[in-house]
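A short write-up of the structure that comes next.
Here the chain labels run A, B, C, D, E and F in written order, and each chain numbers its own residues starting at 1.
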Amino acid sequence: GEIFDKEIYQDNSIAGVVTGLAWTSVGGEILFVEASLSKGKGKLTLSGQLGEVMKESAVTALSYLKSKAEKMGVDYRIFDNYDLHVHVPAGAVPKDGPSAGITMLTAMASIFTQRKVKSKVAMTGEITLRGKVMPVGGIKEKILAAKRAGIKEIILCEKNKRDIEEIDEEYIKGVTFHFVDKVEEVLDIALLKSKVEEPMIFTFPKENREEASN
Amino acid sequence: GEIFDKEIYQDNSIAGVVTGLAWTSVGGEILFVEASLSKGKGKLTLSGQLGEVMKESAVTALSYLKSKAEKMGVDYRIFDNYDLHVHVPAGAVPKDGPSAGITMLTAMASIFTQRKVKSKVAMTGEITLRGKVMPVGGIKEKILAAKRAGIKEIILCEKNKRDIEEIDEEYIKGVTFHFVDKVEEVLDIALLKSKVEEPMIFTFPKENREEASN
Amino acid sequence: GEIFDKEIYQDNSIAGVVTGLAWTSVGGEILFVEASLSKGKGKLTLSGQLGEVMKESAVTALSYLKSKAEKMGVDYRIFDNYDLHVHVPAGAVPKDGPSAGITMLTAMASIFTQRKVKSKVAMTGEITLRGKVMPVGGIKEKILAAKRAGIKEIILCEKNKRDIEEIDEEYIKGVTFHFVDKVEEVLDIALLKSKVEEPMIFTFPKENREEASN
Amino acid sequence: GEIFDKEIYQDNSIAGVVTGLAWTSVGGEILFVEASLSKGKGKLTLSGQLGEVMKESAVTALSYLKSKAEKMGVDYRIFDNYDLHVHVPAGAVPKDGPSAGITMLTAMASIFTQRKVKSKVAMTGEITLRGKVMPVGGIKEKILAAKRAGIKEIILCEKNKRDIEEIDEEYIKGVTFHFVDKVEEVLDIALLKSKVEEPMIFTFPKENREEASN
Amino acid sequence: GEIFDKEIYQDNSIAGVVTGLAWTSVGGEILFVEASLSKGKGKLTLSGQLGEVMKESAVTALSYLKSKAEKMGVDYRIFDNYDLHVHVPAGAVPKDGPSAGITMLTAMASIFTQRKVKSKVAMTGEITLRGKVMPVGGIKEKILAAKRAGIKEIILCEKNKRDIEEIDEEYIKGVTFHFVDKVEEVLDIALLKSKVEEPMIFTFPKENREEASN
Amino acid sequence: GEIFDKEIYQDNSIAGVVTGLAWTSVGGEILFVEASLSKGKGKLTLSGQLGEVMKESAVTALSYLKSKAEKMGVDYRIFDNYDLHVHVPAGAVPKDGPSAGITMLTAMASIFTQRKVKSKVAMTGEITLRGKVMPVGGIKEKILAAKRAGIKEIILCEKNKRDIEEIDEEYIKGVTFHFVDKVEEVLDIALLKSKVEEPMIFTFPKENREEASN
């Protein structure tokens, strides 16, 4: 495959960049999901020739994050006062499917918390709005591509375990697999506790929201 | 059927997740409707490759809920100060038709009231804006799929009763059927009185709406 | 015809539900136009797989109502402070054409005034923006469908009188026809003076509009 | 032709209704342009299955009116504080072309000034943004249709005079023709000085626009 | 050619009307670009069945003007407090291509400055955002059409000079050519210093923009 | 190639104009990316018949710039209080692909900082959201076109080095190549430290954003 960037991304000094796994007609590939924040009004921009299903994955990941903001230590005002851009290079290659769901979620979680992403980790899996991780296809090809690129840990849905069991052991020597059911597990594995160096300092206008019991 | 998640959803500790029944070219399936709320301005987001008719069902369900907010004990300000997202996994499978109407309505009612959804209940039926439940197709296949998945109670339109009568009794042993005409009956059966653990606490900005007699 | 709900709607305790007459490839049918209001900002939502012409009928009906608000005793602020949803079941059946114009107008007039709709009345006719009622097609089939459904009074355009004269009398025995030219006549016949039980109480924010002579 | 309303509109007690002339595959027809205003925020709604060119005519007519508001005695605040709806029955008949331009402009001018429209007058002609009237096609067929409908005065572009000269005189006996170059001439002929009975009383919120010399 | 208005526009008492040159399948034509302003919020409306490229020309012309507002003596607040409409008759004729760029720019410059447009001048040329004039096609046919219409001066891109040199001299006798590289030159030639009679008086709401050094 | 402007752009007295390299069916070409700012509300306008991928490049470049505003000495308020227009002449030529990414970024950086662009520099390369420069195609043809146009320095992705090595040396004599990996390197090379003469003075309304630690 020539179309994606095949170099492993090792520099986790920047928040918001996470390695995913794609499955194309010519085999597996690693891909990067890049998230960035800039002052704004809560707009979401998606780029990289993403198809409808992949765009819906991004929107679902964002809704999940918003609903868990407090638990994750994210100041809710960021969602209203910053714009989020998610880009998936290469810019000219059409991409679709739900399997980048957990990768997008992790990239967003990193940019909103400014926490480092663990290096040499890649992942593939669909997310649902309630935080479930669902199995995806093309596992064998994706694993081989990750191995070739130097990935050391791979996060997959528990239900994709059987796909791994069919791969000849020597091809996956040295790679650690994490089988997960829930989005929380993904974040526990892929996000480090430490923030990136020079994290973004978020600033907000005055707000007039009041508490009300329900 | 490989496309939908076939495991029954038993964990009703989260509000907003309800089991529906789909009818595909390869038979019946259970599906999940997931609703979530996050602080916002009343935007409705729909995802899961929903077709036009299914999207209209969601919009109709929301209008119905809004018009009954007071009766259901829902603070009207939630509609203006929170965004609602409804997602139907699997994210890559196109879905359409009106039969998820009552499932969507129940998921929304649960998330807005934070009430638990009864476990092992599934449902299928169109809704109208005035709260009527209308019959849908594919009942036999849907029932069999529900039974296989471990569903114990099924909610259907009264007019779908005849479809049940044609199914061999042994296939439906152990399943309780609820035949309904109105949306209120659906909610009475499917929503428990108790709220989920750690329910969302809704907060609002100051409002300046005044009473006026008409 | 299997596609529409064939039961006559007798329960006029709810405002905003009016019986119309449709003409499909398999004959005439009764259909329901359902209108509901919820607090909002004056948005109009249309659902039920309505075609362009039918959507324009709804928009025209609403403009007509707004321009006659004062005469009809409707507080103008409702238009700005509530959202209107008009739904036409069955949700999966595409519908089009201008003949539901007076039905939509009557449903809207009922929901805005909270006045009861006369029971066992059905209607079919195009409206124009200045309140004229225009003739529509398929009258014979529509009348027969209304009769079968138990409708007792039918409102038609004066110019559709000739279509009635061609129907064998025994088929229309017991049905009263109202031939009208203007929208006001439709409302006089179809809307009762009394409000529904438990009418909506409309509330408004403070307004700063001032009088200015012209 | 069956598709349009063939009765001449004589009741000029309502502002905003003007008779135009259409040219269809089956000959000429009279048509009506209906304009209405309701409190709002300056939105323009067009209905009647109007094509792109006809919609642009309406938008051009409105821009012309706005730029001449002061000269015509129209309080500029109406444009910001009222919504304008222009409808052309019959609602199901697709219509296009620029020839309704002056008819639309006259309907709008009548509704904004609340001045009566002269009765038994019809018109056809394109407008430009600077107020020029341009010739249109189908003149002969349109004239004959107007004559059959009882129209007594017809307004045409000066450049359409030659089309009239080719019509046998007996067909146009009793019809007065007005040949014009400019929109002002159309309004001088078609709008009466007197307002309709019970004209709309326009009301406005406080405004904070200041004068500034340029 | 019958489709465009062939009369030269001599009445420069109105701001915002400029003569351009079009090249159609049946030869060259003169066309008019009409610009008008009305109180609003900075909206741009384009009409006359303009294609994508022609619409982008208009948007580019407006951005250029805005970036030069101060130099041209245009109060910046006009852009925010007035709506601009650009129309190109005839309304039913589809038009496209970049060659009306300088014509649109000149029409806009005239309406914003209220300066008269020189009479008997026509022009054709693409503009770029930095104010460069670029060559366009169909020059010979356009020149002949301009000559036939009575045009006395024509503005072209310097790079279109060679196209003129190929035209037989007798066809262009009495026409003055201006070859330009920059938009400023176009405006110097085509806009008179004097304002139109009864120029628009622009008014503005209070503004709270502050100076800040950079 | 006739379609693009082949003259090298030497006048760097204007901010926001940068030379890129395009690869068309008839060979390489130089093209210009033009950026301009005008007072507004942060709107981005793209013109020049840009395809989807090229538009996404522009959006990605802008997000990158916003996220680096502070480091680059750009007052963040410019993004909210000015509109950005990016145009790529010739206006009628459809353009697409990601290779103008770094050219767009440089044009935007110049207009926001008002810094001069180095003259006789051209560039081609995709950008990603995290500021990585990626290789693009058609390098040989692009280089030859740049050389023909008088370009002296060319910026390319490090990974495009091999494409240069395949070009016969005599064709590239006198051209300096810069191979880069990151966007920062591009800007270091292409943007001069000095501002253009008569730089724009940015002004802002009062702002009420407060600092908050995170």
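As a working rule, a residue touches a chain if its C-beta (ideal position, glycine included) is under 8 Å from a C-beta of that chain, and two chains touch if they have at least 3 such contacts.
Values in this document were obtained by computation on a predicted structure and should not be read as measured data.
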| item | value |
| --- | --- |
| Turning angle required so that chain D lies on chain E, C-alpha fit (0 to 180°, nearest 5) | 60 |
| Centre distance in Å when chain C and chain D are each reduced to the mean of their C-alpha atoms | 29 |
| Distance between the centres, which are taken as Cα means, of chain C and chain A, whole angstrom | 51 |
| Rounded Å distance between chain C and chain F, as computed from the means of their C-alpha atoms | 58 |
| Residue list for chain A, restricted to those that touch at least two other chains | none |
| Order in which chains appear around the ring, chain A first, chain F after it | A, F, E, D, C, B |
| Touching residues on chain A, where the partner in the complex is chain B | 52-53, 56-57, 59-60, 63-64, 66-67, 69, 76, 79-80, 97-98, 101, 126, 128-130, 132, 134, 208-214 |
| Contact set on chain C toward chain B in their complex | 5, 14, 16-17, 32, 34-39, 45, 47-49, 75, 77, 83, 85-87, 89-92, 114, 199-206 |
